[in-house]
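A, B, C and D are the chain letters, set down in written order, and residue numbers restart from 1 in every chain.
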Amino acid sequence: MTPHRLDIVVDFADCDPARIVFYPRYFEWFDRSTERMFRARGLPWAEMFPSYKMAGVALVDATASFMGPARFGDRITIESWVGEWRSKVFVVEHRIHNDGRIIVEGREVRVWGLRDPKDPEGLKAGVIPPEVIARFRD
Amino acid sequence: MTPHRLDIVVDFADCDPARIVFYPRYFEWFDRSTERMFRARGLPWAEMFPSYKMAGVALVDATASFMGPARFGDRITIESWVGEWRSKVFVVEHRIHNDGRIIVEGREVRVWGLRDPKDPEGLKAGVIPPEVIARFRD
Amino acid sequence: MTPHRLDIVVDFADCDPARIVFYPRYFEWFDRSTERMFRARGLPWAEMFPSYKMAGVALVDATASFMGPARFGDRITIESWVGEWRSKVFVVEHRIHNDGRIIVEGREVRVWGLRDPKDPEGLKAGVIPPEVIARFRD
Amino acid sequence: MTPHRLDIVVDFADCDPARIVFYPRYFEWFDRSTERMFRARGLPWAEMFPSYKMAGVALVDATASFMGPARFGDRITIESWVGEWRSKVFVVEHRIHNDGRIIVEGREVRVWGLRDPKDPEGLKAGVIPPEVIARFRD
């Protein structure tokens, strides 16, 4: 699939006393980028979650490798794509560019999380509907 | 080494619309726990960074596996320890317990980041001083 | 009423490139402190919200005055108390101390927010139950 | 002056268990919008702070009134402008629109914060240079 692209202006608000992006912020951006990718494919979470009786697309694993910094004032781009669809789980790959250089690579493994009828606060893995997967074909 | 323990009360502020902890928050807690572990070993960052001419202990890699949720009102504990000291890099392991169950396991690979005299905004890897490593022996 | 006290260790994670607490974090702490105050009075939000059919205690107004900084490594204390109970609204006052000095004073005006039966995503103001107010008498 | 406009897509990442924007996030957006307004006027903080020997534009007061919610998927706009220039202090006004309705009004009172030569971690108020103020005339 064609990667989704999200442009971000790094602000003072994103940086820590070392004057670089505070690293958990990259995972927040991964989450935003995954949500925007679904939205761009016609699956906004605010509609997708209730229509599929979902609690969310909860995380199983999250990883990131940091190859270079970003500082406030930088304009960075996150490219995101689904690297793999399994039965109940999917893998989102992320790559962040800063001024022509790859600075972060990351991966989120996410579960298709249905509401659990037995537990109002719970979540159980469900099979990802084929029409959802079909939306991510180019 | 004996793991450092940090008790956290999960607040509404930590949770997302799925009513569980927003996952990047776990990485923020890893960062806090690493800092507190140094502090508990007599190395508060506010003193350690200037005295060793450091910009910080920047991330090379960060990973987490999520085995269960935490919700607002839960009291969780993060255990953290240095799993490995290399020449310029060290590995911090994190394990989060919620009500007797391990819910998150994570790892941060961090570099001993000296200020770069050639670049006021830069950072270069330095050899970790032996007296720092010695502080983490029990 | 006796103010609720919450001790906070300021971490690197809380600070911005000016090396002081990033100011929106103080409002996050106000929110945490309000929630903890309710919990300490026997009203944990995770139980109070469903039992009173509430969406939350949404904000009407929030203000803060900043008289001094806090830096990572500082140990600060937030004192919080309900300054006023109106019919459907209450006012939470916050005062933050750092090393014997008041550094922040703030106020949150919050509404008792019931779920709106006509709108699953909505919220409507409800009368604060007298037994809730009674819990905050000393 | 013509207000600066910043369009924001509200994400899942911005919302709390009540499924609306977690209120301290609005102050984070005020901070971002203030920084972007300076950038749009030719004063990016990454250059302005060192060139004027500043630690930052620290907060004296911050206030917000909340008139309506925003939810994930909403597209909101923050309008920001300087309402008043005093000798060492300036006032930034913010107004947030959601779907044609004003949902938040806020104000930040900020000080022109110079580095304090007597205290490397300190900040002292300085007179705002007239050429800075001139940049905000239309």
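By our rule, contacts are C-beta pairs under 8 Å (C-beta built on N, C-alpha and C of every residue); 3 or more make two chains touch, one makes a residue touch a chain.
Here the structure is a predicted model, which is why all the values come from computation and not from measurement.
The interface at B-D recurs elsewhere; of A-D, A-B or A-C, the pair that shares more than half of its residue-numbered contact pairs is A-C.
Across C-D and B-C, it is C-D that has more C-beta pairs touching.
For this pair, chain C with chain D, the centres built from the Cα atoms lie 23 Å apart. With centres taken as mean Cα positions, chain C sits 28 Å from chain B.
Chain A has residues 12-13, 16-17, 19, 22, 24, 28, 31, 56, 71-72 in contact with two or more other chains. The residues of chain A lying in touch with chain C in their complex are 12-13, 15-17, 19, 22, 24, 72. Interface residues of chain B, counted against chain A in their complex, comprise 16-20, 22-25, 27-28, 30-31, 55-56, 58-66, 69, 71, 113, 121, 123. Of all residues in chain A, only 9, 11-13, 28, 31-32, 35-36, 39, 44-47, 56, 71-73 touch chain D in the complex they form.
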